[in-house]
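As written, the chain order gives the labels A, B, C and D, with residue 1 at the start of each chain.
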């Protein structure tokens, strides 16, 4: 029975890494079906991602990890060996706007997003029917201006309880508390509705309209404590002109946001995104 | 003999403008071959640009202007009637980088840019051979750190002497003094090598590299006193990834800069760009 | 009470059309809030579309049409005056693939597509739950290889009964009979999953894969008797590479198809698409 | 002294290739600075390209080739080890249109195209001044309708004499004879001014205009005996509308052609393009 593993590595660049790792994989009877590498010349760091096909089953994963450890130690690797059959658990957080949720759930149903969705959390009830129709548990946790701490404690409890590998802010419109950002560092994905670093913060389409830009954009990034400043995963743009009102910008923007978030999440789920300082290496 | 005029108007939006203007044109025997209009709902301002074909010659222009004046006054118009056969005089200002100049001169020779180029000014001598080959006068005006005032006075004298309708900063890399910006307001076009408002100021590709953006861009805008903050005419982007070094960004950026500047200048030469506060209406 | 009308005209190009039409609108107290015109030099045909705001109500439409008739006759116009408050009735036809339907229904709910959807017709039952959730009647009309005539007679009966202004083939995957194409000429919109005229006919993504193209596309067009040869409304593309399998092409293609169909339909609903021989004028 | 080699391989896909090749490189003291691999699942063929940095000089190349031969034989590889310091010799063939030539020569001068240009061949004399200014030999070989054979024999003699590694048809507008296509198979690059397979053959922009497409394109491909049917290296498009005349399409097309040809040639020069049947693997 053929099984797919993904090996993801970053380490100081050194002679012989590829030979060692690919030799190891061959010695285990693995076939490399997709390979990506990157040497960052500025920092001297090396990144790699291998898709490995092997005649085995999921139980082999732990054995492989044990066997790989000495190589990992020698090269001072940050690394993970993922069993592709173990689908990541993704908690979606939304507010009132439905476009990203509709899009993600469509893609999930169509098989484009290989994950579990154990929970949708929202500070409003508007999108509950959509969750219901897809058979996904929906939790309404209002965020009160005067007691955010309590409310976010509840959010955190729910995310923990759902055993989330990853949290997606699909236009959640609330700023997560530092503690949550830190505990799920590198695992919370946000879609910001501007071409960052332009127009960080609130009402970016209106900022863009005021400035008279000719392109608007959206940015998918990992959430860090600093607002809209985390590592960027993906961006895209849409052309606008003087004809377009702020409402048109919002409408075009929805399409860009959906597309950018879906691509970023898909890559994250396939372990294609490696964080490097405040930047990303994306083996798309 | 058929002759082309361009009527460009902006005024407070009011009922009947189109009827009055098009009635006037018909009464003069003019045929509207291209028409563009825009009502800005936020400010209540109306913009229009007509291309008018008429069996006449250039001498008719002044007669038409006289005849149009009463309508213009009634509707409180900012307006101009351009004779398309009168080619604008464009002074190009460059530094060492050749890409924009090579591109503009190619397009000029190929007939894509309908203008005169009476002069190229540069603070370096590197691009003189290119100017020579095209038979365009080239003036080297070094900009000394300790006496910019004198040097820019010389630049201004040359631009005046060339009877410039328009000045293009084709990667000139110097900040023009306020006096020059003001005297040629709405007629100095700059190409900035970033997707403004991201990365205004110096070394934008290196700023972009540091931030880890996934798209880089360029912006063509009118120059105002405030650096990189004038009305945007055109923007475009190029996709980049973690593979790309700052040098790659510079290389991709050159292509975007050329394209964006050439489009912006072409539109300006054809009277397609109307300034509206710190924004533009572009009838492309 | 302010009311929106749309006047759409095509006629032989002649001096004074704009003056006459805009004069008429002003005389009726109408304000032109959006104007588009196009003179086709090759054929000497003139096209225009005006959005007209008027302090009146829908009942005024017929009065305006009566008053406009003499002008229309003088200039030999093909024309229509649409009351924007009368939403077009759109019948959607689908097969098994859900992506276009999900997208159209999302946009319809979000207010991006200003129309009624009285009916969804399908040759399969797969998408019935989606129709149900949106509260739209769903008719399953199987198309039998050996008795298409009867089946399409039933389809035609349903479309007629729904009083359809427009039929959208949202990946219907069946070829409509000539009679239906003719009766609803200029009102049936199809999405073809290739960048026409490349790869007309069946399995275009596989054709594209075999040819080794580097971009795939989709085309939204009006349906005519000749397969995939009708007037093109909109097209777009997605970049692909040697890495991508036919399945990837299909996946990317879904996104392009959705976007292109939604844009084409939106423009059609707003009377922005004028047919000119086998081409379109799109005042987008 | 650090030296750059490029190893390019295609062979039947088999377990252990990467391990063998990367082991070999490590054993020779080489550092892999860029690595690309592709397994074509449909045909079971494997492709790889490594950039290898080594503390040595060009004289090492032949030694490396000798040492690699046994591995190559065992895996039945088509392969080449290129010394990056040996610049390819590119013969440019042009007709009257200057845009591609201007662009290629600019990029060559700017260091974007790492090659020698020993010769420009043309069937017209128009572009000789451009060749002269860049100090590149220019040969005018008219192609007579009634004696193409003799003329192409002369072209072939010149290309041979120039010891061309590669021939670029930069809008040459003549069909090369089969003999030349065959002798330089995989080394003649053409730019076709349409989005192939749409509009192969003559006057593609006019074909596109007649069909009413909304995007026009250009295709860079290797030349084979069958006209416009060789392996595609790169394609791109430009949006057009009903406003645009065939002349506009030609003008937009020039920009797309330049960009697509320059990208394709750059990749070819860096040994990034591997031919696979009638398709290409491009490690861009």
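Everything below uses one rule, namely that contacts are C-beta pairs under 8 Å (C-beta built on N, C-alpha and C of every residue); 3 or more make two chains touch, one makes a residue touch a chain.
Since we're looking at a predicted model, the values are computed, not measured.
The interface holding more C-beta pairs in contact, when B-C is weighed against C-D, is C-D. Set against the Cα centre of chain B, the chain with the most distant centre is A. Centre-to-centre spacing of chain B and chain C amounts to 37 Å, using the average Cα coordinate of each chain. Annotation: 42 Å between the Cα-based centres of chain C and chain D. Residue positions of chain B touching 2 or more other chains: there are none. Every residue of chain A that touches chain B in the complex is listed here, in rising order: 38, 40-42, 47, 195-199, 211-215, 217, 231-237, 241-243, 245, 276, 278-282, 284.
In the complex of the two chains, the chain D residues touching chain B come out as 98-99, 102-103, 106, 109-110, 112, 133, 251, 254-255, 259. The touching residues of chain B, when paired with chain C in their complex, are 15-16, 18-19, 22-23, 25-27, 29-35, 37, 39.
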